[in-house]
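Both complexes shown next keep chain A, but they swap its partner, so chain B is in the first and chain C is in the second.
Our next item is the complex of A and B:
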């Protein structure tokens, strides 16, 4: 269903029509070559030698035996790395370990051999002497001055603080104050393709085929570590088998470059599932202390949030995640008084990094559940409390006070969900529960900014070529990381040029051809990249206009004439606009907090059944109203929404990446469980449209926010069914059963 | 052994079927997502039954008919399941898709009109992290009608 204040597209337009991914046929036939499928003549196989302790020191490393093994072509250690440091945001991670070990699975050596079996055998023959140290596994204890320091500057990676208004006074005057601590767990991305790629070094140039969401960042990583110019490194980064934030950084491209140079042969590394589970990034575990003050009518008078974030051994994107958590800690709600303190802390646990939602799900779970509790204490309906506080376009943002952009439609999304049969008929449905099953229904809401936020110069580029036959080729970014955003780029181009969708050839994911466009992350790909495509197409139209051709345009003639004039190649950049009305924020604040001008939002209703004897939860239905601007490709929006809901469901109910003293306990898909076909509820997506003036044809980015309301909606539904309030995720059967027992006692 | 209708000889019975298909025969449709029977990305049909090719050795299937995603349709036409996957947006990254298509084709060969519960059961061993499965169910339902 689509609701909203947008003109219905006519069928001659591409925008607004559901389009399959451009590689859908090759995917379905199995013909699509993923980058880990790639083989090249004379290729050798790389293997990473890793340590099996979470914290300690590398005191001895002997590669003599490994070098003598059959088929071995190269063995590399830290001294072979020109600049042995990496990290896109904070360079705090050695490429290969030369002393301190901070994570189980840290790499100490690389091996290349003629066959994979030979590489594995040689990797096993590298002899490693380790001195274990006690693991730093509790972020609170990590801050203790007595704790071992994981990095020179100590264990506090970053602290972020902001207060708007006088929070303590507002809380003191509130009718009720909910004062609760919420805990969330680590979540693993589980991209179906574990990752890896192929590297080649010829004539001083590196070509690396590797699935990355941030080809430009990977290029920087490689050029820095290898001590070469970025132009000497070409990253080809699509197709990849899932990303979700897992592939926005990582060391494998550097490993490929090192081995390709050392062997002067093509080299392939394909990670095993266990390697990814041990060393890949995770959704950060949070401990969130929320104090929510409500007046007697349920109006929010203050929100104070204190988040302690387990960043794991290396910074990755933790600082950026923390910023986004701060910005969304007041939820999609109005308040004049709020504070946020966030601390990201180094430990020897899983490496917190980018994961779809980027710090929003953790604080959303906290604020949504606090509202549930506050409403209960006031004898009010929690959904009414949400509605009365819902942020509207033109309102000052709850924490920062900057003005929320005009396309924000959280209220309309909430209305759509309140009108949905699963919410409307909830009491009747509840009465029909039978046997051991209790039934409940709940609503969750969330917002997330589109793009990197203000003060970051968020931009994307596009390069367009018109051929002498009139053909159109556009090199665009951000990359297609499994989302099919390239189809939407083609739709935007088709409608800007007034040509059929089929006429547009879109190429993504190649640093040599696509202008630097940042990462496919931060709900920015279509919003920023689609706008760059649109800008390039408009420039082409302007050049064609100058030719004074008669309508309808003869595209071949236009192509020939532009080629003769040397004007057949168009380059364009789109810079996402910053917040227009900063409110009380200073320019320095903008840099520090990166607040957004454009937000997407989502509201969901979840209906669940819960077994009163076991605590087992079966989710029966989740409907999501998504505030998406104009849905350029509705199939894409629905696909992202459904996939996001199920990742949110997994996080809410079952996914839990566990560590004991820094040692991963759930390092295979046998122990780390994600939703399967048997766990899937009915899903319903409602597109709540509006025209975002800065987005292409009015579009916003939504692929993250759709994941966020699922856990709060399920927690609200559990509360409706049983009266208990879940304050720790996942809501496993054991945990829910325990809560039910406690509340009965 | 026959693979997609063609007789093949297998030099090494101790080789994983998945490696034999991918590395020796160049049939890259079957993917490795876990190597331990948990994800289904490597699913192929062995005498019509879906099997995780990462778990079987070539020697165990020496006298069988193996069909991979490449052999589901024919040279000129997509299998109806493949067509439905395109038409119903049933893939995103697409890494799970070959295995899912094979499992569904195997189901439909035995049960041309499966109920949704049958589809769910048939796909219990195929993980998909992108789609949330509902688009896959819709695609299968469209073929089963």
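Our next item is the complex of A and C:
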């Protein structure tokens, strides 16, 4: 279903039509060659030697035996790395360990051999002498001055603080104050294709085929570590078997470059599932202390949020994640008074990094559940409390006070969900419960910014070539990390040029050909990259206009004449606009907090059944109304929404990456459970459209926000069914059983 | 390197028995080998053509092939052993059920093995073949600890003999998700009801609450000969919690296993 205030005439020939992913048939038939399957002549196989303790010192490393093993071509250690330090935000991570070990699985050496078996045997023959240190596994204890320091500057990686208005006075005057602590757990991305790739070094140039959400960033990582110019490194990064934030940073491209240079042969590394589980990034675990003040009518008078974030051993994207948590800590709600204190802390647990939602799900679970509790104490309906406080276009943002842009449609999304049969008929459905199953229904809401945020210079490029036969090729920005954004790029180009979708050839994910465009992340690919495509197409149309051709345009003639004039290649850049009305924020605040001009939002209803004897939860239906701007490719939006709900459902109910003293306890998919087809409910997506003036054909980015309301909606449904309030995720059978037992006692 | 023998007849298997680890569907052992378990020599029994048919029904007993895939056994049973069918429905995934066998699930001797509790509750026996001929062993006595069985190194399980239920039977599994999950607790039961509602011939078996699948003698005694009134159910639930010795692991706490096992019995009795 589509609702909204978009005029029908703006729907054009391509935009607004459901298009399949451009590689869908190849994926479905197995014809697609993933980069980790790539084979080159004379290729050697790389293997990473890793330590098996979470914290300690490397005191001895002997590669003599490994070098003498059959088939071994190279063994590299820290001294072979020209610049042995890396990190996307903070350079705090050695490429290969030269002293301190901070994570189980930290790499100490690289092996290349003729076969994978020989590489594995040689890796096992590398002799490593370790001196273990006590693991720092509790973020609160990590802040204790007596705790071992993981980095020179101490264990506090970052602290972010902002207050708007006088929170303590507002809370003191509130009719009720909900004062609760919420806990969320680490989540693993579980990409179907684990990390890895193929690297080649010839004539001083590196070519690396690797699944990365940010080819330009990976190029920077490699050029820095190897001490070469970025132009000496070419990253080719599609196709990709899933990303979700797992493939924005990480050392594998550097490993490939080091081994390719040392062996002067093509080299392939494919991470095992266990390596990814042990050493890959995770969704950050949060401890969120929320104080929510409501007046007697349910109006929000203040929200105070204190978030303690387990960043793990290295910074990765933690500082950026913390910013997004702060910005979304007041949810899609109005308030004039709010504060946020966030602290990201180093530990020896899993490495917190980028993960779809990027710091929003943790604080959304807290504010949504606090509203549930506040409404209960006031005797009000929680959904009515949400509605009366919902942010509207032109409102000042709850924490920062900047003005929310005109395309925001959270209220309309909430209305759509309140009108959905699964909400409307919830009491009747509840009465029909039978056997061991109790029934409940709940609603969750969330917002998330589109793009990197203000003050970040968020931009993307596009390069367009028209051939002398009139053909159109566009090398477009943020690459296709499994999202199918290339289809939407083609739709935008087709309609800007007035040509059929099939005429447009889109190429993504190659630093040699695609202009620097930032990452496929931050719900920005279509919003920023699609705008760059549109800008390039408009420039081509302007050049064709100057030729004075008569309509209908003869594209081949246009191509020939532009080629003759040396104008057949168009380069364009789109810079995402910053917040227009900063409200009380200063220019320095903009840089510090990166508030967003454009937000997407989503509201979901979940209907669930709970086994009264065991605490098991079966989700029967989730409907999502998504405030997506104009849906350029409705099939893409629905696909993203359904995938987001499933990932959110997994986080809500079962996914739980556990550590004991820094040692992973759930390092395979036997113990780390994700939803199977049997756990996935009936799904329904409602597109709530509006025209975002700064997006291509009115589009916004929604691929993250659709994940966020699922956990709060399920938690509200659990409350509806049983009266218990889940304050710690996941809501596993044991957790729900325990709450029900406590409530009965 | 792993040596693999692929006998195609029982005679060939008999000649090879003892020279390596038996493997049928391999749905567990191959995963364990990937995890580092050393098995230098495997004997794959999945190509044996002259084994028993998947299911033979004779005089109140279902004879199940130990080497047939679980999915073939369930379709062959056509609903005759409801608890076994219920357990099979929750066993792994369809792909795993198309590979995995009863024999493998029994010989693997996991405390959480899903196919075992219904067999223990049914007082089933296995037929064990070896150099000295065949012998019959109660399923309840086959596993001696996690991963350990009463089988000799040159013995194999050929058949499972399961008495058909005279009254009711059933199976409940609690896992971390609806499919493809190792049990947190599982419960199988058999009983009959006489005219005044009293339960007779009560047999309960639980998975994942002790080193092997176990009976619950206290709970059985609390139910035997009694109609499941509220008081009787409460007493049986408490007795069952005392019958078992669960542990903490990454899937659940011992506390939850002990408590919820009682509630599974409650669910079995009340719904």
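Please note the rule applied: the second predicted complex is superposed on the first by the 740 of 745 C-alpha atoms of A that agree within 3 Å, B and C clash if a C-alpha of one lies under 4 Å from a C-alpha of the other, contacts with A are read in each partner's own complex, and residues count from 1 in each chain.
The working rule: a residue touches a chain if its C-beta (ideal position, glycine included) is under 8 Å from a C-beta of that chain, and two chains touch if they have at least 3 such contacts.
Only a predicted model underlies this, so the values are computations on that prediction, with no experimental measurement involved.
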item	value
Touching partner for A:444 - first (chain B), second (chain C), both, neither	neither
Touched partner set for A:678, first chain B, second chain C, both or neither	both
First (chain B), second (chain C), both or neither touched by A:529	neither
Which superposed partner A:350 touches (first chain B, second chain C, both, neither)	neither
Chain B versus chain C as contact partner of A:21, first or second or both or neither	first
Greater chain A contact set [chain C / chain B]	B
Touched partner set for A:670, first chain B, second chain C, both or neither	both
Which of chain B and chain C A:280 touches, first, second, both or neither	neither
Chain B versus chain C as contact partner of A:293, first or second or both or neither	neither
Partner chain in contact with A:712 - chain B first, chain C second, else both or neither	neither
Footprint overlap on chain A, where chain B in one structure and chain C in the other make contact	668, 670, 675-678
In the complex, chain C residues that touch chain A	31, 35, 93, 174, 176-182, 184, 250-253, 256, 259-260, 263-264, 266-267, 270-271
Footprint of chain A on chain B - complex, ascending	22, 27-36, 38-39, 41, 68-70, 73, 78, 81-83, 85-87, 89, 91-98, 101, 119-121, 123-137
In the complex, chain A residues that touch chain C	435-436, 611, 613-616, 618, 653-654, 658, 665-666, 668, 670-671, 673, 675-679, 732-734, 737-738, 741
Residues of chain A defined as touching chain B within the complex	18, 20-21, 23-25, 27-34, 37, 189-194, 239-244, 270, 272-273, 481-484, 635-636, 638-639, 642-647, 668-670, 674-678, 680, 682-683
